[in-house]
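Structures for review follow.
Each of the next two complexes has subunit A plus one more chain, namely subunit B in the first and subunit C in the second.
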Partner chain A sequence: MSDFSVTAASRPQKWIAGILVIGYALITILPLLWIIATGFKSPSDAIAYPPKIVFEPTLEGYVNLFTTRTRQTAEFLAENPPQTWYEAIVAKYDMTIVGPSRFGERFMNSVIIGFGSTFLSVFLGTLAAYAFSRFRIPLKDDLMFFILSTRMMPPIAVAIPIFLMFRSLGLSDTHAGMIMLYTAVNLSLSVWLLKGFIDEIPREYEEAALIDGYTRFQAFTKVVLPQAATGIASTAIFCLIFAWNEYAFAVLLTSGTAQTAPPFIPTIIGVGGQDWPAVAAGATIFLLPVVVFTILLRKHLLRGITFGAVRK
Partner chain B sequence: MAEVTLHNITKRFGATTALDGVSMTVPDGSFVVLLGPTGAGKTTTLRLISGLDRPESGEIAIGGRPVADLTPAQRNVAMVFQQYSLYPHMTVRENLAFPLKSPILRTPADEIDRRIGRVAEMLQISHKLDNKATALSGGEMQRVSIGRALVRDPQVFLMDEPLSSLDAKLRSDLRVELKSIQQEARATFLYVTHDQVEAMTMASHVGVLEKGRLVQFGTPREVYEDPVSIHAAGRLGLPRINIVPADLFGPAPEGVEWIGLRPEQIRQGEGPQAEVVRVEHLGDQTRLHLSFRNHDLVTVTDAHTELRAGQMLSIRPENPFYFDASGARTHRGR
Partner chain C sequence: MSNSAIERAAAATPPGVARKIRGLSDRAIAWIFVGPSIFLLLAVNIFPLIWTIRLSFTNYRVNRPNAEVQNVGLRNYERILTDTDIWETMQATAHFLFWTIALQVLFGFALAWLINKKFRGDNFWTTVIVLPMMLSPAVVGNFWTFLYQPQIGLFNYVVGFLSGADPSSFSMIGEVSLAPWAIVIVDTWMWTPFVMLICLAGLRSIPTSIYEAAECDRASPWRQFWTITVPMVLPFLMLAVLFRGIENFKMFDLVVQLTGGGPGSTTELTSINLKREAFEKWRTGYASAYAIILFVTVFGLASIYVKALNKVKER
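Right, the complex of A and B next:
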């Protein structure tokens, strides 16, 4: 039931389509390649004009990203020669490493808050979507519309009330607060997407399981969930991408303990201004989890992105 | 195995009344076939017994025990759905094992293997056991869903047109298999079909549903030989019973509007002339399509008949069924 090409594409058509797709992919991937390349440049190469396409790669950016450093006198450096490759990189600028930077913590905060809120959004969303899909609920349509209406303005429009609420509830700069906030924002998307997927799963499967001796909850976990895997995976990716990249609330509500990577990365300051290679290195590492997560779930995503319109 | 009783069951879906005061007893160890056109309420009857739907009023008992408060799992019934409903994320073997592994049955692994092996062989799906359920043909899927019921020992088997999408050969094999399973295990079956042959050969009792009402319940022979209405008469018999105006062959008794003629109620070689329109040789019998005073009649005759289209044949009704204007039978038990 997946055959909707009416006629097969001819050879030249395939070539044109291929060139268009590759061209589009190159254009969209260019900023990404730029960031990845900048992470391996020296600070002077990073700001060179015209931009250097060929350059001598260095790990300076990554070393600076993960460390805090201090300037030393020439005598001190002569007496304490660098022991490791990363100390050697730093020593070129007359500096020594005094400790790790905050990047590791901020990155872990992003992981905890991003994946935590994604898990909660998908978990609660799946249960709610199942109930909306299968049970007779009073005012069902109104409730569904109400849930959708929470996304009819940009979430940041309610920044001030949320800021005040967080302050009086003691949620400012806490992991729990940020997880709750991102879950609340994602939940409407999650319920709507998942309801679409669950609606597509015929009830007969659950009914068969009920008759085969299972409770409704067991039928849900053993029969509905495996078939909703596609929808759950693609919903999870959408939720993760939002929570992972969210910047405005993170700037507003976090500053220390629970600060995520997005507000942290731009604040990386080097000697004499912004340390662009370190910023680019941070951005590159920051990209990785979402890329890996998406690649792991891509098989599901390809089917899921059609929002359940295509039945196998 | 157990007896199933329905007492005055009514089921509505919004404005439609799917079942209207149906009372019926499916005796322990019987094979009851439900007949009726699409929308008559056959599927609804099975769903109410299984517990997937609840009646608005009336009582259902399985094995003498009222089941109103029991979940489908607790009722311990097996059901084959009209649309096959194999679990698409499981293999055939996992599908067949699923009911046996339920928290209610918790069958040991070797017993599961034994039962699956036996059922798979009977349904000719042994070679497909490790296929994904979605990799099967329609007929194979339907056999697996029958198998998913047969691996169990439920109180009652509910089957909703289980053989309808199979080819003729398999259908007749499985008809014999199902009937012999039922007889050996003394199992109780409630079975929905459109197929006359299934009804006549398998049923110990036939229930005729019409627009949500059970209009007749009896042995296949009773329903065939003594139908209560035009509708019930049309449910059994091949070729189908001929219904013609009562006065077609001459004066009819008072209040009779229609007469019904099964092939054996048309005496050939006597009476007025009918024209042979078409002759169908079916091997063991020959079907005659006749035209009599602008009415079409279908009957059977000798397998080796010499009759040809265009020839004339004299026919005369013999002990026909009489029906009034509403289609109800009159002059019963003459």
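Right, the complex of A and C next:
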């Protein structure tokens, strides 16, 4: 149909547009592909000059990421030959594995804090968004703006009193503290996004249910919630991505037990500086879920990143 | 809608309980639903803010809990506003803000405009372009230090390959003249898709009938672009700039991982500078005043800008 329209782009125009956009896309994706590739390089291939595009893939980076190792003498290694493939990889560098690294723990912290705070912020956000969408609340616009404004504060500025508060409440470096903090930070996003989604559900559905004898609460759980399911799911993914990626609070308020992966990954060091294949392996594992979620979220992406200000 | 089960349940409920559930007026439900969120935000945002304001008038230091805390009035504010280091920090932030926003608007709009030509596979490539902005800035920023390594870094290699310069002759994050650009490049790489997506929504909101009418009036494509496309996308573009402005004013994670504020203090943006005052020098009172000044600045600039945005929308 558009082929006959006077306003549609002509064939050569489309070609030029396509080539330029694909060119940009290839450049922009290159650093990400480089992360994935570096994860499969040996340390010497990773820092080779010129940078190696073709290389022999190895799992050294992943083995180094998940283990802590110690240097051994040649005699010790001769007496204790490697039993498994990963021990063999380490043995090439005259080392043996002495235990797991902290990466697994840090990754699990990211999962616990990410999912915990996402659940809470979506739960609280859904309730608040429904009330803001359907009821007359005094100072509604001011309250909504107040909720949004909490997101404008630089995290470092908020971190000073939160640091003191957590210290006096014994919440420093705890999962509970981080979950509470991320829930609060994500509330603005979840209330604003969900209000948009709930606004789009016609009121008539609930009114019909109320006339049928449902209570307001039943109308909410049985009529509105199922209708808002997609909106709730995409809001949840946005909250999860935020909590997953967050760095400033994590680096200031956690150190050992509750530290998440973002402050940890840059600290992975090997012999003489950062162990780039291990860092890249950690980054790959850490970034991949977000890539998958982004692809799933395509349709609601714009809405999520603008707090619902722009809807397609 | 079948509700027989609910009717039966309603009939079976003792009248007292039913009245209690039903008795929850809409107003009560509204407060029960909104209350917890407001409470949490008060506890985690407003209470700390008030605490920060109080601390900002004192000389309190976290690392000296036994020292006497004195009320110093407005001295912290005075010292910050007259401190030349902080003005340098502000200048670095301004440079970063100006160039990231300018480049992101330029590339973002251009990309959106091209994607809107609707070539085959445009959806796929849009998703590819969007990926960087969803990723953890700290993790990605850290990896960019590897790409920026002299000689072995991919970035230096590609630049050297294209320009003929020796890839080991320059260090993006190690040189005073290049570091401010190193952070601009990574932020632009990461956030151009954000501006692009918003512009794309703007472009798609323009009804084709307007272009058809312009076509009938024999308006040149150039004229159509400046009199239809640009004004119609402008409110969207301004919204994108607002978001990027606030976010980049707060910028911490990406830059702290990339340069750590260095070399010297050339890329020490306000948030990094504040972190240094608050969590390395432990000047808590002073840093609190600093935080308040930053917050008022963001809030003030954002409100002025939102007013301007609303004016553009009304036109």
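In this section, the second predicted complex is superposed on the first by the 264 of 312 C-alpha atoms of A that agree within 3 Å, B and C clash if a C-alpha of one lies under 4 Å from a C-alpha of the other, contacts with A are read in each partner's own complex, and residues count from 1 in each chain.
What we mean here is this: a residue touches a chain if its C-beta (ideal position, glycine included) is under 8 Å from a C-beta of that chain, and two chains touch if they have at least 3 such contacts.
What you see is a predicted model, and the numbers here were worked out from it, not measured in a lab.
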Contacts of A:G170 with subunit B and subunit C, given as first, second, both or neither: neither
Subunit B versus subunit C as contact partner of A:G104, first or second or both or neither: neither
Contacts of A:D212 with subunit B and subunit C, given as first, second, both or neither: both
First (subunit B), second (subunit C), both or neither touched by A:G256: neither
First, second, both or neither for A:Q227, with subunit B first and subunit C second: first
Partner chain in contact with A:E204 - subunit B first, subunit C second, else both or neither: first
First (subunit B), second (subunit C), both or neither touched by A:P57: neither
Partner contacting more residues of subunit A (subunit B vs subunit C): C
Shared subunit A surface residues [contacts with subunit B and with subunit C]: 208-209, 212-215, 218, 312
In the complex with subunit C, residue positions of subunit A that touch it: 2, 5-9, 13-15, 17-18, 20-22, 24-25, 28-32, 34-35, 38, 47-51, 124-125, 127-128, 130-132, 135-137, 143, 146-147, 149-150, 152-165, 180-181, 183-185, 187-188, 191, 208-209, 212-218, 220, 241, 244-245, 247-248, 251-252, 261-263, 265-266, 274, 276, 279-280, 282-283, 286-287, 290-291, 293-295, 298, 301-302, 305-306, 309-310, 312
Residues on subunit C engaged by subunit A in the complex (per definition of touch): 1, 3, 6-7, 10, 21-22, 24, 26-27, 29-34, 36-38, 40-41, 43-45, 47-49, 51-52, 55, 62, 107, 111, 114-115, 117-123, 125, 127-140, 142-144, 146-147, 149, 151-154, 157, 167, 189, 192-194, 197-198, 200-201, 204, 208, 211-212, 215, 236, 239, 243, 246, 249-250, 252-253, 256-257, 270-271, 274-275, 278-279, 284, 287-288, 291-292, 294-295, 298-299, 302
Subunit B - residues contacting subunit A, complex: 50-52, 71-73, 76-79, 81, 83, 85, 87-89, 98-99, 102-105, 134, 145, 148
Complex contact set, residues of subunit A against subunit B: 202, 204-205, 207-215, 218, 223, 226-227, 312
